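See the structures that follow.
First chain A sits with chain B, and in the next complex the same chain sits with chain C.
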Partner chain A sequence: MLEKKRVNTGALLSLFGAVAALALVILLENTIGPTGQLFTVLKKGAVYALVAVSMNLLNGFTGLFSLGQAGFMLLGAYTYAILTVPVAAKDTVYYLYGGSAVKFSLPDLFAGIFGDGMLSLTLGVLVAIVLGGLVAAFFAWLIGLPVLRLKSDYLAIATLGFAEIIRAVFQWQALGPITNGANMITQIPTFSSFNIKTESGTIYLSSAFPMLIMILCLAVIVMLINSSYGRAFKAIREDEIAAEAMGINLPHHKMLSFCISSFFAGVGGALFAMYASNAQAMVYTSTMTYEILLIVVIGGIGSISGSVIATFLYVACSEWWLRGLDSGSFLGIQSDLFRNGFRMVVFSVVIMIVVLFFRRGIMGDREITDLFKKRPRKAAKEAVK
Partner chain B sequence: MLKIDELKVSYGGIEAVKGITFEVPERKIVTLIGANGAGKSTTLRTIAGLVKPAHGCIHLQGEDITSLSPDRIVSKGLTLVPEGRRVFPDLTVLENLKIGAYLRTDSLEDDLNWVYDLFPRLKERSWQAAGTLSGGEQQMLAVGRALMSRPKIIMMDEPSLGLAPIVVKGIFDIIQEINRQGVTVLLIEQNANMALKIADVGYVLETGRISLTGSGRELLANEAVKKAYLGS
Partner chain C sequence: MEYAISVLLSGISVGGQYALIAIGYTMVYGILRLINFAHGDVFMVSGLIAIYLTTMGLPLPVTLALAVLITVLLGFLIERVAYKPLRSAPRMSVMISAIGVSYLLQNTATFVTGGQPMNYPTIPALSKMVTIGGASTTLVTVVTPVLVIALVFGLVQLINHTKIGMAMRAVAKDFETSQLMGIKINRVISTTFIIGSALAALGSILYFTNYPYITPTAGAMPGLKAFVAAVFGGIGSIPGAVIGAFLIGICENIIKALPFEGATTFVDAFTFALLIIVLVFKPTGLFGEKATEKV
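Entry: the complex of A and B
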């Protein structure tokens, strides 16, 4: 009884926060205009936050240390891109291979049913994003069969290897008619495609779209973690033998967590393709996985809100606030030290400081909604009554 | 209720359990005693499905459960309290208990109350992380967690391990109480004195074989047992 009430306050608070954030983003974008670093940060932040949380689900909640995130993002990104290049643009995009082997495009298919317009575009894009996630989850299942028997470092190495292999495969000439080889797939619908043009001007939704998808996905993940499945994942993280003795089927639950995590990484990859307005295999390197890992560690392993907060901080720093570190002047200070790559030096120092002094990250394994809950001691006293 | 037939278990070629046969009658407390390395834990882990036997079979209420996975075995009503307590340290007491009932889909309310009645201390600490409990409380939690699966048989692997004598006594009182309420108990212990005192049936395990059988009282009075395990 008491617990139900606690969960509901947390859920209500989160819902309220999400709606408020979304409204604020729409308001800001339509008042100060969609250009400017802030919106780059919001868009990229939304994408990265989703991927970071998906990684946290696996690494933080289930205790499986996997480094395959970029590989699953790549699968999502390519699935999305291949399915959404407009039929009319296929010959220009795939000109090296004499057109694409995939003769249809989802938005065009829907346009055939519902006519040209926002509805067909939205449906096509959403279906493509979900399919991106499903393809990533399917590959996760395939490689999970052998790989999930491994533990800790070995699992990390195997998944990292998978991500590298998949990147090479997608650049393979023989797959050119599908993946466009080493060239990028362009002309796909992007976030800006969701700006609605009216006679009196444009309603900008290009930042709200990724935010909305992120919020929906996070809501699903949070519900999963608070369900009995989430408890089983945590039990596996804490003590595999005890979890097994309590009747938790280890292979089944590890696979489930791995596939779900990869699904959302795939969705994140599709969103990243929209953000970058292209899909290109060489972007999804292990560096990207490490970036995500950095965010997860800074935010707190095992905290969803921590991952989200850390993502936006990290993306704001790298894309906006600390830009000057790479381009000669920072906070009015001119120095030869501030040249390309110096930002990464700063990040490396930050991660060292975090690992040395704030080992549990910004949030530890708590959530932001915990701050609004009754103090545990008080709650415990009431539970006894 | 539980029948073990000619059970042999090997770890990488070394036979830890060399063909043991014993039986756990319904509603009784049965104990396996023996020195370190006698194969007690291995036996329990094999019954629970965590280790696969090399030979022999295990029957629960007439049904062969030898090759079932641990989760199927738990759902058949046989739960293991693992050695060394193994509570989930970062989860709360309540979450630990709920994980114990993971395979159940019905309401947990009654069983939570049952466990809280058996262990009032757990109720006081239900929002506390299990890792912050004392050793005795963690053992209570481990037992409570296993009870949440509504087992017909609960198997306990050294519940007295590393606990103060007074706490051990409390745990053994609870074991008897659980048994009185209709749960069959299979207990393995190094603390042979305590275990035999509450056991209806005792088996002495020596290097993978059962060397003696008898009621708890008989074994307590047995000279060989006295000499080897009771230190007198």
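Entry: the complex of A and C
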């Protein structure tokens, strides 16, 4: 009885926090205007946070060490981009291939039903994002059939290889009419498309949109982790053989975790395409996966809130606070060392320090809502003593 | 025919260069059960070191020898700083640390070079043109396989007939027991990293002679391919890694030469497809030993 009440407080707190954060973002963007580093951080942070959490679901909660995240993001990004390039823009985007093989565009389809406007754009974009996730999940299922039988580091290298294969296929000239070859797909709806223009001015929602999607996805992931599936995932992480002995269907649960993680990576990829306002296979390299993995490590492997906090810290540092390290002066100090690339060096050193000396990251495997609880674990431990 | 020979020759040459990297992977994996993701970047850094040493105006042989020496030092330091503190940690932590080192090396290289592609010094002895079976090629193509075979022969002798080689085999077989038998595992591991880095440095000299410049990410792809070669040959087995590397090098060049549009796009994809196929159907590779999971 008591236990149930606690869970509810945690959920309520998170819900309240999410709504407050969303309201604050909308308020800020409409008062100080949408240009400014803060909003870049919020947008990119939301996208990365979702991908980081999706990776954490797999690596941290199920103990499957996969390095395919960039590949699944690519699938999501391309699905989104291919389905949302406006019909009118197809010839200019695909000019090298004489137009696109995909003759329709989801926002335009919905515009045919509901008329031109915000509703059809939103519907089109949302459906495309979900389809992006589904395509990623489908490919995850395909590749999961053979590779999920592999153990730890072999799985890592196989998924990494899969991501590289995907990247090569999407740059293939023969698929040009669909993927635009090695060129980027542009003119897709971006976050700024969601700024509503009224007669009295513009209501800016460009940061709120990715935040909202992120919050919704995170809510689903958190609910999943707190369900019996989540407990099965954690059991697999702790000990595969013991979990199997307890009657957990290993292949089934591993596949489920892999597909769900890839679904959200695909959604994240679609959002990343919106953030970057293009889709280009070149971007989704293994370095991107490493970056996300390192964020997860900083946040704490096995902590959703840790991943989110680490993502926003990481993105804020790289896009905003530490910019000075690249451009000559930082905190008023001028130095020749502070030239292009120094920021990333500082970053990697910090990451190495975390990896070597603070292996639990910011949150370890606790959640932020645990901090508001009355430390039941500690009390229980003392009782045992 | 001449075309076929030239494709084959460049395949053997690239394969030999992959082999030199792959040995480092396979030895480290054999002993630490760690995919040393930073190995490819050590290979790249070795190339950069050679470039910077050349600009200092030293004679070429001294430069190359110094480059190998500094690379060895780097490999040794990486092991001591980034892997040794994690000896008792879960395997995944060490792998994450390796990814972190790879990230650090790439970012440092970007910072030092300013992100510009750097021209690799021409080594006249290696880039001289020769003609074999009607196909003209650089001398490096001939030197590589000969050097690789000589080195592998030496290495196998070292592992089979010296004390440190015996220690390596023991540590690879059972980490803890060998420690109990009085083998100084830290020394063995350091030696492994030193040998691996030295071979990667040699590989980098041969590899980058054929390429006009080095970018900070130049090591990632050869590194991954060499790893695939090591898996293909059976991880832990040195002759296996070398044969795997030659096969991958040759296949790659054949694919590059295939007469359909966009064949080059699939060169990298082929290697990884091969990796997945090998892992699924014969995870022990061509010459790997079968390991059974103990409960």
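In this text, the second predicted complex is superposed on the first by the 376 of 385 C-alpha atoms of A that agree within 3 Å, B and C clash if a C-alpha of one lies under 4 Å from a C-alpha of the other, contacts with A are read in each partner's own complex, and residues count from 1 in each chain.
We take it that a residue touches a chain if its C-beta (ideal position, glycine included) is under 8 Å from a C-beta of that chain, and two chains touch if they have at least 3 such contacts.
Treat the numbers as computed from the prediction; the structure is a model and nothing was measured.
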Contacts of A:Glu244 with chain B and chain C, given as first, second, both or neither: first
Partner chain in contact with A:Leu142 - chain B first, chain C second, else both or neither: neither
Touched chain A residues, chain B compared with chain C: C
Which of chain B and chain C A:Lys234 touches, first, second, both or neither: first
First (chain B), second (chain C), both or neither touched by A:Asp365: first
Chain A residues contacted in one complex by chain B, in the other by chain C: 241
Partner chain A, residues of chain B touching it in the complex: 48, 50, 69-71, 73-75, 79-82, 86-91, 94-95, 98-100, 102-103, 123-128, 145-146, 149
Contact footprint of chain C on chain A as seen in their complex: 65, 143, 146-147, 149-154, 156-158, 160-162, 164-165, 168-169, 171-174, 241, 285-287, 290-291, 293-294, 297, 339-342, 344-345, 347-349, 351-352, 355-356, 359
Parts of chain C lying in touch with chain A, wherever the complex brings them together: 33-35, 81-82, 85-86, 89, 91-93, 95-97, 99-104, 106-108, 110-111, 114-115, 217, 220, 224, 227-228, 231, 261-262, 265-266, 268-269, 271-273, 275-276, 279-280, 283, 293, 295
Contacting residues of chain A [partner chain B, same complex]: 3, 228, 231-232, 234-235, 238-239, 241-249, 365, 376-377, 379-380, 383-384
